[in-house]
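Chain naming follows the written order as A, B, C, D, E and F, and within any one chain the residues start at number 1.
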């Protein structure tokens, strides 16, 4: 299996697919991480924050054992300022290079514009006649984004549940690398909320911990 | 406030609205419990089970301090064998008698037919010109029913979050009265799953524990 | 793989899943056919029609190599006259006996009431804690039913495409056993329409012929 | 043009399609009225009420100039107690007899069960290969039913607007024949509400008064 | 109560929330008006039009008794030319400054792009952990926008009805200040259409005049 | 009848509406073609490709007998880089000039951004009080776009079927002019797929070949 996750920002891959990525790796898959945005000194971020982010990405890369990391380096919270053509071009190149079979995307109803535009760009890269490697496309849920959708666009509708019981602690550990993104419960990006989501998705599917996805397209 | 909950079966009121009922009571509300179905020796249930159920209902009534309990006594898992006219008649009489302002209904996409038909019967009893007392109608979610909807009917779409932090333990205690309905996690009607749901709904709304509802209609 | 198809009437299994069943068989799967309804002399059908139908079922069973055939024998076009409890009971027994991993259901927005009620009965038999064998539930499309849905219920939304190129002729042959159900194009249950559907689903997924399904639930 | 309206109860044809029926008549159409339910002394209605209803139907028939009136005489508020087969049979016979080109149906999300079941029965009678006369099927809206839908089924979604400016007074006059059904505003079946609906639908379409419909199917 | 209305253009606040604003004021609320766009000589508008608009805003401010008016001054019909970051920044500053509890937004399916983008910008400003004051978020309907939605995005689905009978004349008076925006019926922004909408929403909720909203999120 | 089709790129008008355009012409209609985008040497296309495209447009214009061709000349795959105001301005001018009664638009859930933005721009040009000529607005389906929608936006929901049996060969011939756009089946823009779509839409409507549309708005 060749598995690729599209992350609008670093940490989305952990929040949405962390357990499944660890499981895929254990099952022998090749893993790729496509990060849409980055921060930089040039766009006004403190040098230390930029350096810390690079360090976080390195640690997460190592923990998951990503075989490829594609950094598109669009400025964060500004995907709407890019042309669709540039966004698709960046994603397309990564898809061509890695030739993924399984693709995980953020959900287009997430309240963050970067998530919606990441989805749009990547959705265009799943047509079988341009990207024949792609066999399965799924949307993941992101605590603090998917759960804040306003009910005026089609909601995240989970229909695929993956057992991540052996990998939940690894997922939480990966999250801990993004120390500045984690908050105290009831903040949604907290360990309590992450555990509760895994528990609830597990109760729906018969596992002690699970991640849920919405299947968008599969061909076999 | 006069609050009424429609429960297809005893325990739905705890699973869906337990914390909010305790909060309403603490806020001085009058509470009513409308139970659509019951079990009986005549419909083939062991005498002991029937007796135990009566005892459970008594204990739950006391814990929540229900001011009224309406038992329609339709046979359980057989609401489809009743005429709509009888179902509506039963619900209507209770609504007329109690004159609720706030009404909690099961969600019509719950996978159990009894839930769907309870919703249908009660929905017809919320028109302002027949039931002028009704000011607010909400649907609740029921672990093991709402979460097993198959994605081919409009999903439960929570938009009202109620802080139940001070009442979560009371809700779990009420659940414990239905000992035979509670199972070991990952069974959905387990304490772990109930806590996880309260945690997750809390993360979405800024409370340490919450119940979520879908507002169907409000007039003020 | 243990694969079960729920057919409201004999021929739905061919129309919706014929190619995939043949492929599963070729892949070594065990196959089960659950037929919800039947015709009988008692319910007013000519003896010859009843005999011919039995013969058709036998031939289809042999062609697909069904390992199990469950005939619930509810009268055709009258599922609404059965109790939900009886419908679920019948389906449940078959699920317990065969322990399917993959389940194919008709779509609940099909215009025929028998399809909707078959779906409802079977949907209740997919909860993991009662039917732990079930890993994947999909809805299929039935020419002359799914395509006549009126747009006031959620439409069939295909997201799973199965390559049936090597099996299309076998599927059409199976259809030919139901001679009385097949009509002249533009009748929807015609060879032209069946081929066109396979062609179109293939164009959407990169195969010379495909069947499309809507994934309802998967756990892995 | 041959136009048929399906009315669960007498007065639905006026509320939903009154203006359009008058316009069709003026345009030279043949009109048919299919009334699903009736009241009778046998089902417990006072003789005078039954007689008055017959008189109302006669006056409405005359005002609209219905060329055919099909009375299926199922007991009112009890369509759920009929078999689907009987309901479809009744509607089917009328469709065969009148051979309508344009068909108006109540909306399946109306809160009254009789409306939903009338829709279901008639929807099955619009397949081109069984009822080739049918060219256009539309759903109408009924004040006090469509506007009390609870938001958990697909809402009435108007996309066809018909200019009824010259016919609004005729529609209101037809409504006045059902004196016992009309109430004082803000009661939804009041002259004020009927006028307001015609005004609003007109504002959406550029007419001084309009009726709105949801097109379900058209073939030409 | 602290109530804020987001108006893409001046007059949306009257069309959608005029009656409710007057009622809130009468109930003692603090009111804020957030105007997304403005016209200016620089962007090509005649000086007199710009001056008249300023006068209209002043009169409307006085009539409603707005405690705060936030003018973001983005050029009208050009919100798509702003960065999302600037739009959110503008709205965010107003939310931080006023700390609203109740927020009214235009509906994202309105046909005007400015409405959709105003919604998007403001929706991001309702997360409890960034804007803890916000307790209730509702979408309003705008004659000539919401009623021209094309049925390919989720429609405005009213579930909250507010009695504005004592305030309808005040609302119409406020509208009259925008003389150039009001037209002759059947133009949608006409007094007849506004009255009809209030009448119809009233018939649905038991009031002589009402405004309807779609609740998006409530926490209590 | 005055019929206008909005084509994001040349060939969309053939794929979606080719048969119906030929039929309209045969029925005596005036036809207009509004092409949103073009290619040019300036935007990096080879001179020969640009010349060939001009030739294709000329041949298609002749085959359909378009009475008007409006070329907005926005650069292809870059509509997101235009202001909404410019897009609407271009479409608006064409609508004013041609005064169409019947309008065909691409579907907003098509996966290509140019399709979505073409829809948005044109949808704003269908309000009756600005474009009173418009009587009927329909969305068409485009093989390789509409069928690749990802199920997270409202799907194309066909409800209007037009008999194109006498015009299917003409449609395919028009497609052949765009030789570089046509591929080998199972490529979606292939003759086999186009025929299959016409066959399937015919089976749903009783014609030997049909095109299907989604009615968005009609006033009469």
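Brief remarks follow.
Basically, contacts are C-beta pairs under 8 Å (C-beta built on N, C-alpha and C of every residue); 3 or more make two chains touch, one makes a residue touch a chain.
None of these values were measured; they are calculated from a predicted model.
Shared contacts of subunit B and subunit D, meaning chains that touch the two of them, come down to C, E. C-beta contact counts were set side by side for D-E and C-D; D-E has more. At the far end from subunit B, in terms of centres built from Cα atoms, lies F. The mean-CA centres of subunit A and subunit E are about 36 angstrom from one another, to the nearest whole unit. Subunit A and subunit D have CA centres that are 51 Å apart.
For subunit B, residues that reach two or more other chains under the stated contact definition are 129, 148, 151, 153-154, 159, 187-188, 205-207, 216-217. Shown here, the protein chains touch in an arrangement that is not a line, ring, star or fully connected set. Those chain pairs judged to touch are A-B, A-C, A-E, A-F, B-C, B-D, B-E, C-D, C-F, D-E, D-F, E-F. Across the complex, subunit B meets subunit C through its residues 77-78, 80-81, 111-113, 144, 148, 150-154, 183, 187-188.
Chain contact summary for the complex, subunit C toward subunit F: residues 143, 147-148, 151, 155, 157, 159, 185-188, 190, 192-193, 195-197, 199-200, 202-208.
By the touch criterion stated above, subunit B contacts subunit E in their complex at residues 128-129, 132, 159-163, 205-207, 210, 215-220. Of all residues in subunit C, only 83-85, 107-109, 119-120, 123-124, 126-127, 129, 137, 139, 153-154, 214, 216-217 touch subunit B in the complex they form.
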